[in-house]
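In what follows, subunit A forms one complex with subunit B and a second complex with subunit C.
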Partner chain A sequence: MAVWRSGEDSLFSLSATANTKHQNSDGGPFSLSAAENTKQLTALLGQSGDLKERSFLFKNAEGKLLYLETIVDSIRIEESILRPLSETDMQKAEEALTVSERQEMADSEKALTALLQGKVLLFFEGRSICIACGVERFSTRSIMEPMNEKVVRGAHDGFVESLNTNIALIRERMKSPGLMIEYVQLGEKTNTRVAIIYEKEIANPELVEEMKRRVNSIDIDMMFDPGFLEDMVEDTTLSPLPQVLQTERPDRAIANMMDGRILLFGDGSPTCIIMPVTFFALYQSPDDYNDRTFPGSFYRLLRFFSFFIAILLPGFYIAIVGFHYEVLPPDLILKMQGGVQTIPFPPIIEVLAMEVAIEIIREAGIRLPTPIGQTIGIVGGLVIGDAVVSAGFVSRTTVIVVALTAIASFVAPSTEMSTATRLIRFPLMITASLFGFYGLMFGLMFLFIHLCKLESLGRPYFAPMAPFNLKNVLQDTFIKQPAWKMNTRPLDSRPLKEVAESDSREWKKK
Partner chain B sequence: MKSPATISPFQLFFVLLQAQIGIGLLTIPYTAQVGAGKDGWISILLMGLFVQGGIAVAWLLSSRFPGLTLYEFAPLLVGKIIGTVLTLLYTLFFFSIVAHQLSLFLSISSNWAYPRTPHIIYAVLSVAVTVYLVKENLRIMARFLVLVSFLLLSIPFAILPIINHFEIHYLLPVASNGVGAIMKGSEKLVLAFSGFELFMWLYPFTEGSTKAKWKAAAGASAASTVLYSFVTFASYAIFSPKEIKVVPEPVLYILKEVELIVIERIDLLFLTIWAVFVLTTLMIYLYMASTGLTHLLKAKEHRKPLYVLAVLVIPLAIATENRETLAGIGDKLNSVSIVLLFFIPIVLLIVALIRKKREESV
Partner chain C sequence: MKKWIGLGLSCLLLTGCWDERQLKDQNIILGAAIDAPSKEEITLTIALPQPGNESQPTTTKQIVSATGRTVQESISKIDHKIGSGLQMGKMQVLLISKESVQHDIYPLLDTLYRNAVSSLNAKIIITEGEAEPFFRNELEGEPLYSHYYNSLIRSAEALTIVPKTNLQLFASPLFDKNDGEAAMAPLLAFNKEEKTAEVKGTALFDDKHMTGELSVAETTMLLLMKDEKEKEAALTYPVEKDKSMTIRVEEIKRKMKIHVPKDGPATVDLSYQLRYRTIDYPPDHLGDKKEVKEVDKKLSGEIKKSMEKTMDKIQEAHSDVLGIGLRVHAKDPDRFKQLNWDTAYPELNVKINVKAELIESGITF
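Our next item is the complex of A and B:
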């Protein structure tokens, strides 16, 4: 696969990719006849319905125009190719064309790839080359705030499905000459452009190399969902925890890039994949940085607290009811006893059934139109929740525990993390039902050992807690210090340049 | 068997601390009073001093061979055969500590909170979680051990609510049982303090200056000495000298009486936290035993020896559930540890000094 840098005539240097493909078709150099050349390409494309051919005259010689009408901009063909060619006084066609992007090609395979990318091919009688002109039409939706990453304050734009627009969103915010954009063509059939983006002066070159190595080893038919890309480059796929950060927010992507992390974009998807990340980066929300220090820190702490509620509370409840009810104060036991005693099931069945019910309600409501989704929520949450208690199947306390857990699991500012917490609690519930507090302890030890072992792009995932780094812990992990105190970048991505800020509040000393 | 993974002095501190703090956290008040009565907490401080001496010896020895573990430099000092015998001895010692601590852990757990769960289940679970970490390299182990050290903060928080129940007169007059009794008390505590000797194995894998390494090791032992004597002091201040003789885990009994607003039985939570410290001790010693076996077998990696030892340790640990038998084994291990933790390193150091051996000279 070919990797090439931005700034060069990137889209045209596809030779390496193209050579490995279309091996069965009889490609090869062009002949001197324009008609024959177009016929050759038409044959390669198998007479596709949207392939259009048009003849024109240039200096009394016949020329041919070949393009896929579905992905080119016909107005631009007329304005910057056909009209200049018919009105010009120039002797050479290249000088007459007013398109900004053009390249000569002497090989039908290269030309075919360009054609599929939305280029217009120009053939002239008597010349054994074609000129590929970039007049692609991009279909994009408008830029909107991502649905699942809303913020209260701060930027409200989000990535879209077009790679060029996404890169534009990044470039608009970051006018640094160090911003590197490298393209890779992936997907045997889909030929999807994937961009690796990083800040050259901050990102560690070893990590960049590793990322390129991983991306370049991908060999797959289709590549258009971020999930495919994530599965291919993630360190440990058989882990409940995501080791990449997926975001649709340009501000979040850039903030992470400025910490020395690397962004991965696939054309056709609004999701940006960020590596290496830490567990804690998945709990940072752009809102924290728009908040003042105290609320910012409070809400972040609240999120970690919710993480523990989401994974531990049902297990803890099961362990207490099943093994250690004496942990509770006598008054509380009396209150709970009435409800729990009459329930015909052991606590694990009770909680498990309710947890699964909530997951079903969530899954049912998620893809429905909003009005129906709300109805499902009311029917599922209120009616079932209340009816199941009145019927005496489930105790009131269980409903409280399950509801609290469900809410807490949605607190994580990353969808993958929120899914992960919802999954982790099931094994913990089972160990708690078998072994009480010890079961929870063993389960948590497995979880934390796993966290210590996990790596993201070869960097420790649970940094800065393991390995422990007090400075990073206090700066932007559990709490969020004011911006002028975030002097250095986090060390987990081993940035080349550590200093991020210095003496911004020098005015105060005077 | 040098793995390229190194740790920082900061991590060394916590690895050694976690190696030392284990079963002892619950049992040391009882062990210390056997010899020294109510002055047991002074015995612990005294033992802490001896351990500092042991660390100094280990440090002098290791800094002569900065790139080698004891397994590697012992043959250079005393010849290949005795060196191999020493490796075997230490490996066996580490392995038996794992088995002994595990069986004590099982018996205390079942006595206190889980009488109906068969020992083998917790034995298998403990060994499984241990192997899950130990099969990784030292650096990842150190990361985890530093992480769980945050749980140590819970010990002062657990003891704090009972301070106003202290009956200081139980402890007065201080040291009235005499120096002999205090020394006798210390003698029993060697096993509880074992863990500092691992310095001689971890030294070559630690980055930083020799002084920084010594500081980490000495600091770890000092910290566990303070923690142990604090816990013991608190136990003796709650239970009278007569009561303490019949209470094998005084800390849990104390905590059983403490009530926080929402939690009635702190002892059950504390038992769970203590279990983590026991498991970390098991992890470190099982790692040491498996690297020892790796060295003996001249294997490339410690994983396969680890799996063998892990399977072997389970039947050993559940072989006896009798507390007296276990205490007897503990006494024997204690006597052995005096030799292995103090005597042999001193002899090795003397040999090294006499034969003027250093790593560069061989």
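Our next item is the complex of A and C:
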């Protein structure tokens, strides 16, 4: 189990117990001999090729330096450890070292963990401790705008694979003493650092406790993908709808944190997991807030409209063509009949085949390098679409329906939500093909019952619709009010401080 | 989990879609014609459209007739000819010959009222002469006959020259047990020389059979009396010796007062306030207020005269299309039962009062 060191942004929140299970029993307290100590650690690491040992002299006593050369910065070892030790007049080695992070360790297991994290271990003859110095080398890519969360206006930076950089991005934006960053070490083999971040004065302590409880109970040997973390802490993993918000945008993460939500980061992944969220939060994009009220609200409404198109349109088409063609106006009905009359398949087969084809094209487009991906899109979309109609396998209307549906499903500003809508439409298509509009209604009823029942970190997922809260609905759910109208935070996360804004436009009252 | 997989797989074994009606298999008809010279002999004629696509527009594919003892029997006989089931759900027009409605019209419509998918906004049209030729004859430049008849009636409705009716509206007077209101339907004739159909006026019903008819001008008058002016209503009257004027009624207000004495015939006071504009006035000089007053007065008299004439005609046909019976029933139900409305209605004493007022005379003056 992991140990908590709350409230400080320390890199030394390592736990000894987290790593004990898999190590052999050679571990234990160090002896007085430096050579023996290094030997012990080398044995524990199994003669790893990148483990380097170097001897040095300090005040005529022999010392040993132990590090993994692949993850330390050799220049910093030279400048901050070796040079000070050879030139100093100080009597104690600790005083001579010029590294900013160092810690004394008396236990080989603890030392091993530090070694694996990129620390340099210093052993001195005659002392049964080692000094771990932080001279890690971070390999990070530069900060870029996330590919799948582009915005028109607003900040264009995104998280990267390094946890430290990600936290730096948050700290840069939020200089509040209430910003809490807590580390946990997860993954028996990977030893991944996971950070839980929240705003102490806003986030509800009960939720924070619950989040810690969930994270603490994770017992897994590999943890570097947000997917693992999500699966472990999500309330209902077997739901088609995501109950966490994944984002790579610092501004989005912070805006959610300021609503009293909690952020989860894992080292090695640029994705931030946000809980608790609501269904509607997954449809809010930073663009809404960067835009003015009317366009912001219009595009938000458009997104909800697209949600319904994405899940309902194919089912609706199947129901009409298979059961209720009477709902079509007379002029349209004969046109549509002319289109489907020569099609040899029932509508469900026709639509399913096209939907699956589009999903295949999409999947192929993602896997392929960009120039070929575009070609595949054109070949798949235009050529197959046109050929399949001319061959008389699929009606033109079906192609329109499937294309519209596919486009509408990509509108959701969260990738998980977009995938969810694409999956939900399949059961709805089947119910529509069995029972027409009835089936569609049944499917929708199941969906909405499920939505009302769903929870995210124990908080209602479908808030503020169920439980209903008119003020929140009007403020920032379907439409986006101007910033000076958003006086209170959304109440679904039960923030400690409800007021977010007051009288910002006092100047108008002269 | 295993339970759910088992359940899901067994779902595939279930039969489904037993009530599926796929669009591609349907024979959707847009119009039907009924000729019933006698009660036991009903001829149904339908026009099967050929669904269009991007290269060719929708056309009439086939005209099929069959005779049976009920409408449903005729439908099944047509089914025998064309293969799959007829779908009346999108019917736009139902043509019934004048001859067929001399006796009870209800048996001809019953199956349509019984069917849940029946198209309630189909227009009911009474035809001069047989109804079948309306589909058989050639119509100039009209690929879809039903469509043409439907739009013909729709535009006539907008001009207030035929009453607004459809299967649903037609039903309520038909089912009225007290006989307090009568049904009416537009009357259509076929012009063979010009290869067009022509609106002829209105067929008046008493209870369930046709008892009289009104010309186009009389229909407009009747609809004004009913306070059912549609988008436009134009009237033409002579003004001077050999000159006529045409007015457009902009607004009409009706006041209906009903007196039902304990004994003796009921009386009805109908007073109308009518505001109009001139759209054709050859004598000109409507800038003169004096002349306007004179025209108003003259028109009031003319309109009153035609209203009285129309009233006489519908009373003669025993057709209470104004729904006076309903009002009498509402006012004094006991007396209404005593009266026997069918005989009392023609005896009804109707007083009509019209006040016309010019509100606009156009650009010239």
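Just so it is clear, the second predicted complex is superposed on the first by the 491 of 510 C-alpha atoms of A that agree within 3 Å, B and C clash if a C-alpha of one lies under 4 Å from a C-alpha of the other, contacts with A are read in each partner's own complex, and residues count from 1 in each chain.
Here, a contact is a pair of C-beta atoms (placed from the backbone, for glycine too) under 8 Å apart; a residue touches a chain by one contact, two chains touch by 3 or more.
Predicted, not measured: the structure shown is a model, and the values here were computed from it.
Asker: Thinking of the overlay built on chain A, is A:Gly322 touched by subunit B (first), by subunit C (second), by both, or by neither?
Answerer: second
Asker: Now for A:Pro346: first (subunit B), second (subunit C), both, or neither, which partner does it touch?
Answerer: A:Pro346 contacts subunit C only, not subunit B.
Asker: After superposition on the shared chain, which partner residues are touched by A:Met465: those of subunit B (first), subunit C (second), both, or neither?
Answerer: A:Met465 sits against subunit B, while subunit C stays out of touch.
Asker: Go through the superposed model and pick first if A:Ser433 touches only subunit B, second if only subunit C, both, or neither.
Answerer: second
Asker: If you stack the two complexes on chain A, which partner ends up touching A:Phe304: first (subunit B), second (subunit C), both, or neither?
Answerer: neither
Asker: Between subunit B (first) and subunit C (second), which, if any, makes contact with A:Pro330: first, second, both or neither?
Answerer: both
Asker: First (subunit B), second (subunit C), both or neither: which does A:Phe478 touch?
Answerer: It touches nothing on subunit B or subunit C.
Asker: Identify the partner contact of A:Ile449: answer first if only subunit B is touched, second if only subunit C is, both if each is, neither if none is.
Answerer: A:Ile449 contacts subunit B only, not subunit C.
Asker: Please identify the positions on subunit A that touch both subunit B and subunit C, taking each partner from its own complex.
Answerer: 323, 326, 328, 330, 436.
Asker: Using the touch definition up top, name the residues of subunit B that touch subunit A in the complex.
Answerer: 8, 10-11, 109, 113-114, 117, 121-122, 125-126, 129, 132-133, 136, 139-140, 142-144, 146-148, 259, 261-265, 268-269, 271-272, 275-276, 279
Asker: Within the complex, which stretch of subunit A touches subunit C?
Answerer: Residues in contact with subunit C: 320-323, 325-326, 328, 330, 333-343, 346-347, 396, 433-434, 436.
Asker: Spell out the part of subunit C that touches subunit A in their complex, as residue ranges.
Answerer: 16-17, 19-24, 26, 28, 30, 49, 51-54, 58, 89-90, 92, 117, 119, 147
Asker: For subunit A, which residues count as touching subunit B in their complex?
Answerer: Interface residues on the subunit A side: 323-324, 326-330, 332, 435-438, 440-442, 445-446, 448-450, 452-453, 460, 462, 465-468.
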